[in-house]
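All chains are identified by letter, namely A, B, C, D and E, in their written order; residue positions are counted from 1 within each chain.
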């Protein structure tokens, strides 16, 4: 609850700050806001919430939700610290964009605690609508326009699907509360079935799971890199949290009936995401496919819905977001996002290269990085109850494939020299940037060596 | 986390790790080399100390366990039992020798080179000492990653592709291993990764078969045994020689070690069900690899294929489940490490001076470098298991076990003995004997340092070959445990 | 005494180490003295041992040095066994070894000092291994020595490693020995699994308990080992090539000692063979066949050393015949006498070659009688001895073998006789071509031909004496009852099966007479043919002679049925199977991924319409799955 | 046949027909007008079901405000006369088929669904503004407030997108 | 008292929904597509109202003062709210695009693919 209100207020604040403040100040203001949010949310995690509001049980915050929110907020902090300047460079008023981001955060905070389909709907819309704008915020850039329109049209289409689903669920249960939907002793009436499928589809769309993933590469590729970073990490994590929450609380009792579907979706997502990523020449586009691939792994968590799944999800959010944000932050500073532009990176920028290296290793799930334990938990979760070994084998093969395209970038950075000798000049990274990158890398390693630090908070 | 200082296994991990990390901050090449030498020698000292203590029965000092991830149920457990001792000994012996022979200025960014090497050592020792499946897996990978960077950075022309193939291949294998470990972990019930807990898991026959498959693939790729071997020749050829030495001398033992430490004790039913076909395939692979070795014109590839054959013999020995064979292959792991490293050193010295690895372009080195030739001949004959060299003892016992298992298999495997003589002597003849050629005209004999290094290895060759008894005493206890598990069922 | 026995092999080892490590510092004389000295020393020790052994009431001694392998149910001590058989071989090896070392100091004198030292190091190492072979108290130690001598023969054949033909010969020798060794190894494993031990005492004690098939198998495998070492069919072709080594080496290794290891082994394990008649027959037949084959080839050879080499093979064949027919003593007896005269002949040949400046073709010699008096006379003695004229050494041993063969099967006897007649023929062909007639070499050779120094002629003389008298320790019963000292001596180790008492003495005497007469005839024919002063043009051998000259084309045959297939397989496996099939599969997977990646990208058409369509269709499918299937 | 049923069928027919026209008519302006007709028909249904508040809101917000907005935009882009190019026949066919099958499946799944509705002055008039308002500002006040965030962000978004280009970042 | 089975409303809603989807699939004009999406939303609305009515009737039989069904109608209200917001942003995006490429034909939106 704290998070929603604080972020909403801060959003308004940022909105008006635009009139007075200049670029840099916005960044500072935003960072301050995030820190405030972190504190507020942490206090609520410790049991101290500022406001006592009766939501009629539509919003209930438990440790899981708050921890998730904390992780997301922290990721956003890193995101602001690394990409704040890029955001300032975009040709719209940065304060407005910050405001939108804060509104999105409040939407995410809603998703962190929704217990009613209404709240799910509103939360998702609060997250989505500003995103349409952010995607198109580079107004003169045709790619950005295209991305924005595609995102908007398909997004509202999926909203339509979701609403239809909700309607049928209501028709079946006569209430919008998740528990109410979940009641009914695991019998599946046709209406419930339809609602389930429609919600499955729309949520899959939000988390870009195959075969509803098609918008992802285009939108991620077209949008300004700064916002791609935000969409691909923080928003996606939120989507996944909502997905997990919804299916745990609303359809937990009929898990068997949809697990097969979920498995199919997961496999499709893994295969399509990984395989397609192999051939990409643009790192940005490769990463958008890789985000699909990672989604495939997270779907395993939704598939399993047990204690391991929850721990894993939290860990996965942290690992995936930190790594991806770092990579995108560097990408945003490069001239072109083709893989060639990484040649000889390590020689010119050893520190940044090292941080990137850690991030890529983490994405590839190499041990001693957070990414490893993230995948570890997912495998464990699936292995625990439903012993669908084939699913895991697919996951493993895909993980091996993912190593291929992640390491292509590492090879470019470390073992390849820029062609025809001459250096393509890299941007000069500020010291503060390097420091944050290193801290980020250290965090990833820390989580990789001792995941308990995070999972024990659950 | 540092417990008492008489805590050998811990030290064996922390020393190389500390040295490796430290090395990245040393600017001068000389300093980096000195650093590497110091830390590798320190770990050698610790190892010897450990052996001394074990003789005096302070066994507890060779087994430690730290709280690591209670939430997950994994604890940082290390042990120095028989199996580990002999392999850890091999590791800590090889590394100083490898460092000793790296000429200064051979590799740019020497500090990174040595740092990664030390990290590799840390990983290897960890793999051998871990008593916790998760720790084992982590070290398994930790040993792999630095090697990837070493080879890709300092290797030959086709290094990136070859190394990448090697990396993905083994990484895929290790993922299967991870899957198996996780399954076992869930089956323990107590949610523990402990070795003992794993040993006590009760598994149905089907489960054993599946898990056996998962573990076996990982180990088979790592060893590698036919038909998972194709990454090896390329990787050996392209990697910088110090790395190749580590790869072929120690890292391939990880697979064999895995078989002894994890596979055999955990899945007896599956092993009993599959060992005959597996052995047949392996032995066929040995002969196959020996044939290929005859055809090779590159010294490195020749050694690589001969290594495949020898590893195959050890693996086959392990799967016979015969007491003598397992004792033999355990000792042979040590011996093979010594021999092949000696061979690589010679090959490297030749390449360094002539810049050629093609057998057909070499010849007559014996005239120019008698000392080198003597060492080469010793290493070569050790490689083909001549009596009173170390390999003879091990292979004798392995063959004995194979014969007890199935005489005709032993006979088939025997072919590789003959073939190994053929290709090894071919190599010796064409590279070292005969008249000098253009490439070798200006060849000069080896210097004191190289003599020292090769001398140590040669000494080991003969010590083990003539008086293997102490080494058997070292491993007997542990190997006995493995074998007895099969005596009972 | 027995506590010093370990010195016998140790001294040569020390010599090896000193010469090997100090090869750059030692002067030739010094290394020569060390090399020979250690051997003389161990010869002295051997004599002491022999005296002790031959003393009455001696029982076999086992000297345990240390546990070689004592784990996993194996118990293999590194132990020596001193008994009559090993004592005898000790004498032969160290004795002849010493002589040849002394001989070498002169023969090898042209070598530069490091190589000189290397040569003696190798020789010492060889003697060390050979001693292990004969002194070992179990088959493992024997095997250690067995492969050790193989190694040394490899090193010594390829001693002049500058020449690749020599290296090839060396390699051939080692590989062929390896083939045999594999048999030996398998036999060892079989014995281990059958008897649980490979100590002679245990194995021979338990031999009678094992089923005959097993014993036969073991015996045959052992014999395969012997084939390799002692150059029997089919593994004999390496020995003639081995003549690439320095001549003293040929004398020591490829005539006197190493090649007789096979005979030693079988004689040692006579307990097994006596229980496995099938294997025995095999041994006899192979031996006889080898003897004949080699003898025929020897007739047509013109290289002095090649002739001797084939004669060695042939003689070894006879020894195996002896073993095969159960006359182990006779085999060992012939080993001894053969060691004497064959060493003598080789050293003589060496002296000739030395004099002729490394000319080995006997067609380019002749008339050396006057120029090399000592060499000539000793060589003649050697020829007589090997031809088997009484009372020279060869006569007694060979006669004994023939008699035994006759016992077993008259055909054996006949073939044996034929062999020995051929032996007489080619040996004297060799003798006459070399020493009688007129000198056929070049002028400047003629100038330099000179008698060898004393250090070379001295061994010749000693060996000549032995070749004459060496046989008298085995006077057959025909001439004097129980005069056969050797068989009595070996009785404890090699129980004699009283072969002689089956055929009446007069008959035996008659046979002896006939053989001797025929031998003399042969010699005369040889003299007629080759003793003329001018041979006319050395015409190309034709027809059968051509086949013989080309050694029955055995090498070509092997090349065709073994070498070529192996190389083909090697390249086939390497290029086709490994690179194309297996690795192709591995890389194919990678390429498959790449390809499917390229295809899957096309799904991403960029058209909202198609995206939504796919979404809708998949939703429909989900519905069908969820509702209609479940219902 | 009761008057309400007749009304029901008429409205349904109207809604479906004009919906089809929305989809099929070439001229965008026409589609807009047809869509308004659909909304009117739906409003009628709301009234039939005695949900007056929604009926009014639907009329004002949708048929009124939103559609006017649409119309305005279309006019602004003067797409009114040019008839847009069609997609390929196959694509359209696929679209119709999939839409139809979707309909088919849903109907098949739901046909034997029980429950009924009595219309017009039904019991307990929950659809009246009074009742709805009460609940809205008691139980549903939180979502109501939260939706203000939505509007804020929409507003800011519109500003961000609509504002003319300005090179300097700060406003 | 005339009663209408809720099925009729369901079918009506589903039909409208399907038509909307078909529209989205067939048309190329972004605005029309957007309108079809609005059509889908309305289908949802009518469905929700129908359900609310259905549940209300069921509950009313037991308790005359029941407010069951209110939530659905309020949900419809929120849908309209959101729709309004969506339309603002959506039209803004479309206009922006039109400014740049002077077309709203989605078939021309294929710079981003593969």
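In this text, a residue touches a chain if its C-beta (ideal position, glycine included) is under 8 Å from a C-beta of that chain, and two chains touch if they have at least 3 such contacts.
Everything numeric in this text was worked out from a predicted model, so none of it was measured.
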(request) Quick one: how many steps at least from chain A to chain E, stepping chain to touching chain? (result) 1
(request) Using mean Cα positions, find the chain sitting nearest the overall protein centre. (result) B
(message) Need the most distant chain from chain D, centre defined as the mean of C-alpha atoms.
(response) C
(message) Looking only at C-beta pairs that count as contacts, which pair of chains has more of them, C-E or B-C?
(response) B-C
(message) Quick check for the class: compute each chain's Cα centroid; which one is farthest from the centroid of chain E?
(response) C
(message) Taking the mean of the CA coordinates per chain, how far is chain B from chain C in Å?
(response) 38
(request) Return the distance between the CA-based centres of chain A and chain C, expressed in whole Å. (result) 78
(request) Could you please state the distance in Å, as a whole number, between where the Cα atoms of chain C are centred and where those of chain D are centred? (result) 104
(message) With centres defined as the mean C-alpha position, give me the chain D-chain E separation in Å.
(response) 5
(request) Any chance you could list the residues of chain A touching two or more other chains? (result) 118, 122, 125, 129, 132-133, 136, 139-140, 150, 153, 157, 190, 193-194, 217-218, 404
(request) Pull out every residue in chain C that's touching 2 or more other chains. (result) 601, 604, 606, 608-609, 612-613, 616, 619, 623, 627
(request) Give me the residues of chain B that touch two or more other chains. (result) none
(message) Under the stated touch criterion, can you name all the chain pairs that qualify?
(response) A-B, A-C, A-D, A-E, B-C, C-D, C-E, D-E
(request) Name, in rising order, each residue of chain E that touches chain D in their complex. (result) 1-12, 14-16, 18-23, 25-29, 31-32, 34-36, 38-39, 42, 45-46, 49-50, 52-54, 56-58, 60, 64-71, 73-74, 76-78, 80-89, 91-96, 98, 104-105, 107
(request) Within their complex, state which residues of chain C touch chain E. (result) 601-602, 604-609, 612-613, 616
(message) Considering only the defined contacts, which chain D positions touch chain C in the complex?
(response) 87, 91, 94-95, 98-99, 101-102, 105-106, 108-109
(message) Give the list of chain B residues in touch with chain C in this complex.
(response) 165, 169, 227, 230-231, 288, 291-292, 294-296, 323-324, 326-328, 364, 366-367, 370, 374, 381, 386-388, 393, 396-397, 399-400, 403-404, 407, 410-411, 414-415, 417-418, 421-422, 425-426, 429, 432-435, 467-469, 472, 476, 479
(request) Write out the stretch or stretches of chain A touching chain C in their complex. (result) 150, 153-154, 157, 161, 188, 190, 193-194, 196-198, 200-201, 205, 211-212, 214-215, 217-218, 257-258, 260-261, 272, 275-279, 401, 404
